[in-house]
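Pasting a structure below so you can have a look.
Chain nomenclature is as follows: A, B, C, D, E, F, G and H, assigned in order of appearance, with residue numbering initiated at 1 for each chain independently.
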């Protein structure tokens, strides 16, 4: 249910086709259509102008397919994150045009191909291990109607590789930086660009990386002031925040 | 030294008044004018179009005054954060027009009153203890040329107080939310608005708040996808990131 | 062995059918009937007026069935938590009327259907991932003779969904709130109701949720004063505490 | 402002003395009477039937006195926790009948001496160092209209001292247990009584007590199922939760 | 190689059968007989009068069997801890008289049945989940020549069960107490007996038990002064320390 | 009150001077003689045959003096740990023969000079910073009737200094080892002696020592099996445990 | 691509065979030859004079083989760490002369057998469980052209075994020390030698070793001043740092 | 006492002026000359060829002066770290030529001005707050006979400032890098140079820097393989390790 439909609801009230009480009742029930295992909130679309998202992890293939199919009927883009191939196969049986983005472990349905973002979003990652998280950010930002460019394998220990992309980076309106281990990349990138940087710590590393804690702490303490941080491995969140900024 | 001065440098090269080598030399030396205890980086202005900032904490009053006076000569706004009254008195002896913002513990010099932000920044805080951090964000955003509105003492245990401001919050282009203890406020605010939310955990609390760790973890795990996070008590960082977003 | 049986023991003493010494001896031996792998404590029933409970996790199917069957002979309700279907099958072979509550991963035997709770217990949960913990609380409270109502998928990022249930929540005598990730829900619910709130952090989340630590810390630091907390994923404990309060 | 006053507001509407709009307006403004540094929420009284509470820690003596005096005008009991003697002196200059409870570090004003609690609340503490926290719970519960009995210095290493009070403990309707160091006391007490136990970890201890963390973890992992936990040193919260239970 | 053999070495020197240089050389080489993957230290027997011990965990069945067989030739008792049944089968093929203690997950070879301990060692455990650790302590103490008595399933939430064994406990010369979850049992036991208590935290529990951390911290902060602590799940260490004390 | 007095109580019962009921009453009241701020437990002497101990830290000089004087009347040795000179002066005004052991920060009253320990206790420490903790152990063990020998400044980075004392160490019946920083000393000492080693981590160090946590973890993971551990800086506990062992 | 090739590039410029622009272009493109999943950085060889290294963990066998084969063409030594046998088989199908070092879990290709290190590197380890990490250090140092000698199973609880090697250790130019559990070995070795010691904490241990954290903290707090530390289980890093030192 | 003196000792033995027994006795007593509060170990000089060092923190001015004066008599350089001005004044009264290095908080006595290091040591630091730690490293390395060059205020958020020094850095034989906050600098520097990098995390920062923990974890997880790490704020250790490397 997109804003247009709600506007029509009010229009019907204005024209006397619905009493205000009836309208309130209809609006009230809309977000609570019960799927049996989860209440899908149509209002979220209204509020944020964003596509619907399912966290596939921890759900059965049948559950993911059920929720996905339901959401697909709203006409928006639909995204299932942390999805397995098995979950994808279950989804595709019900939603033919759904695609699987393997690197990002995401199921995507593009029904709305409008460009919402005003500029370009750059996604930078430090090592090959960070690519799944970076790809989740890419897929999310694309599903939200943004042009996205990525720069992978440009870690800080080979600073010349990053600097070679400096000009390209400067052209972005928002930059997402994914890094595990010491998580130093956002600080360096933050110093190179004059736009907001969304830092994503990844759980790449071992020993004293403590599943991404080292990278997370590093990013929170960044000496670059234009850096803000999302949860460990939260590529989706970074893509979402960046998309919201890019629409402003 | 603002972008204008650098443009003139290139102009002089174009007109043959300076050889490229001389220009490079001059540019090269500019950022390293040595103050004895810290190298002031003029390039940062060039890159970010932002005012100069001094972290006053841990520096002597004389050091703060020395750096502040030097920066003031660039013509930009100057901000000293986590400053004591004693440091302020030292600054004022050298920079007459500097002001002390007591709640924010900040020294501010406004030399550039241009409005750089395109919309309004809202600053929300949960309890009275969070106000110093919130005020640091306010002062920072103002010094960076933004219109700022604040909503204090609207914690989640009295949700009606927050909801009473819902409409006003919706009018902001970026929202900063400061909260200590359980740090739940950004999630609720994130659900109410359709713009980026910068969450600032504060060290307000005791016992299992572990100096802001509880709030920090809460914010990183926010179920609202439009939330990104800065360091504990980092009102300055939140104001800086929000300003950068508001310029886009 | 329920209080009634103990009362009869004293009655027999009063009537001279047993000497006090014999009675003491009989009482003394009752709680130590040895099952080989665990001493079942009948006194717990006497003391608390509560059913018997087995933590199935980490025990073999045969062990669970053995303990369960033994407890079933006391005539009370019996509950096995964190039980697998395999454990259930072993139990059912010995106790025909035992049921498996799949969502709650619990085996229940209802032999005593008396209503012990004076009012209603509400169980609220934030996301679909929190449902197993919430259901464990529901099953526990029901097995302890309470009327239970649940409100699922009402997380704080969509505050209107929670507020839609405000009136229903206000009718409860005790409220259990289960939430993972940032664990903010108990604070909001605590502000909406004037009764005790038992908060249960769940291990739902990833990255900086640190297996439920973020939610736990958030709840311990709740700004709502009517909130107390049990262990991560401890739906049973929450149901038990709530039942005890509801009997007062 | 107590419930009675709100009832009168509706009565005036019923009698036509106020239009609904006027009434809504009046109600809407009530909770936001601005004190300059904090919004006092009269609604909280309405909702919970509880006295007003000020956390004095971190506020100036003048601020505490200002808030306290304002709250005193509502006619309810008023409690300032973690208050210094200096803060008390400032309060007494404005509120003559305020008292200082030194052990509890609390300022109390009793204006409403009605007994709200149906039974007795027992407060148990392990060592002499835990007494300030225990006393804060006592003062809170008393200010909320409860009969309170305390049992101090009954740590688990001298179990006979605790057992000597077993009968007295059994007579309580709710038990609060405060303990630092290993925090074992709530488990033992929980096993002795058949009513809810509110456990309060204290920061008493050194070394590996990590400012109360050891006691907190111990209590969260209690093998007694009737135990729920509040924040470290949160005597107020324990008194508040216990009072709410005792009113049911 | 037991002390007797070394004594003979010196005897040979005294009688002139060996020059001191030859004796030193012989002694020097003894402890370094190389097994290919680990140097077996015969001196340890000499020094401590204790049996040889192999940590089986993380070694292949063949490795365990190889080391075990080698050690068996010294004539002492041999103990392999954290051993699987598969490792045991490999051992038994080479050392016929080795036995497997399933609950303790230990392989034992008793070649020396002398009683070294002067009194009795009591092993107490809180829950059924703690039994494997307790049994490892029992097996260790027995292999070191002690009389051992165990008291299982006597957790603090049912304090009467522990008190029923008070007299028996008082007869022990050293007490080992194993407990997971809140780890409160050693404090209570410590208060009941006048002998050293060795506390063993176990990893039994979930959520905020953090794999035994809660129990460990609880025991380190014990208010009973006769308690010292070994590593989480270290039943072997507790049995070893207790044996050493019991020989004094 | 020492065992002798209790024996007389029973004697009076035997002789008919007291009825059993009167004796029970008298015994019951003995341990609860109330000092106003703390219940002194005379039974502890009876149970453990140990002197009375006061933790002076966090108590006023008057409180310490009050408790100390009261305990002094029992005729046993009395020890106040973590005591300041000011507290000592208050004690000496009431108990003339009390002494202050400055290095150990302890107040000692020796009234019972009997030797209870069968052998010698050795106290070893790594650096000069560890001496206060080591001295607390020395004072405690002496007050409990033991012969004590100390070996200070024998850290592992200068292993020859420790080895020079090897023979002397071997003569001890129990060894206490105090070390901060990496806490490696107990492992080395444990390997050198064939008797129980009580390890005391100290908070000496900085940075990643985390107030003694590094040393604590090191000691808990000691590869020497005869090591058990007490709390950080708990010299008293180590002295107490060692004394108890030395009496066996 | 080794330094020689780059020198030739500059030679061609000197001789006029290449314009500086062409040379810059060629150099610029060299490091970015794209393998599809990772950019191989030839410059690293140039800069460090070191072989190429692949972290095999988390990569598919095909990926490892692809990268390994590509790197092999540079003519340098190639090392794949944390490699499985399956990955090795895939590599050997493409690079015949690659060898698998099972203990070290490493695939090695020696194409350059020049001795770069000036002296000998000693690798010391505490227990048998530490050998894989120690072997990774050995393999790394050998692949980098060093003479390596190892001393295994010389833990601190049997200090005489370590001391027996003292002279041999003193002959090394750098010492690598691998230890898990309490991580005490580097401090003792550091005190025995007058050369740099690289400490490698290993995740060997259980319970309070917290996956190597205890050893890591121990080593960071070493009282031997010649010790520096690398990440937990980072045998490769230790071998690399030691090699770099040994070339000086 | 320097190696020369020991050589003379052996010379006297060779010439028959001393019997071996007398020489052993003399050598044996040398390191244990007791200063009353600490044993000064002359052997350390012999072993490492390094100056004597006193950790002044936590010692009285008189103690520092006593130890310093004693050490000064050996003829080596003497260094007191973490020293206050008051301690310095006490030292200077006894050792006229001692100097105070204020920024480094160090007292230095240069008696031996020989250059022991073969190359130059570079000390790099990120922010002005890191300078005290960096200066401690400088002073230490100088006292150990090295040429030292420092590069301050070259944090990663202004990468051009660091790159401007690239050539100078490349000339060093060892590089020490001090950084607080996110601790990213060693990774970037490590990628720029082909020599060993000693990383020193500093406690500069606030909030989630957790007193240097964030920087420490970042450095341990460095993606640059030539980095090893010392304790937080351990400038002395870094200078010591670097000096030892530079002598090779």
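Some notes on this structure:
To be clear about the criterion, a residue touches a chain if its C-beta (ideal position, glycine included) is under 8 Å from a C-beta of that chain, and two chains touch if they have at least 3 such contacts.
Predicted model only: the values in this text are computed from it and were never measured.
By residue number, over half of the contacts seen at D-E repeat in one listed pair from B-C, A-C or A-B, namely B-C. The chain with its Cα centroid farthest from the Cα centroid of chain E is B.
Interface comparison, A-B against F-H: more C-beta pairs in contact at A-B. Chain centres here are Cα means. That of chain B falls 44 Å from that of chain G.
Chain A and chain F have centres, each the mean of its CA atoms, that are 60 Å apart.
Distance between chain centres (mean CA atoms), chain A to chain G: 38 Å. Multi-chain contact residues of chain A (touching two or more other chains) are listed as 158, 191, 207-209, 213, 216, 220-221, 225, 231-232. Contacts between chains, counted with the stated touch criterion, involve the pairs A-B, A-C, A-G, A-H, B-C, B-D, B-H, C-D, C-E, D-E, D-F, E-F, E-G, F-G, F-H, G-H. In the complex of the two chains, the chain F residues touching chain E come out as 47-49, 53, 118-119, 173-174, 193-196, 198, 216, 220-221, 225-232, 236-238, 240-241, 244-246, 248. Chain C makes touch with chain A in their complex at residues 128-129, 131, 152-153, 158, 160-161, 164, 204, 206-209. The touching residues of chain H, when paired with chain A in their complex, are 126-127, 155-159, 163, 180-184, 187-188, 190-192, 205, 207-210, 213-215, 217-224.
Chain E makes touch with chain G in their complex at residues 28, 31-32, 37-39, 41, 43-44, 57-59, 201, 203, 211-213, 216, 231-234.
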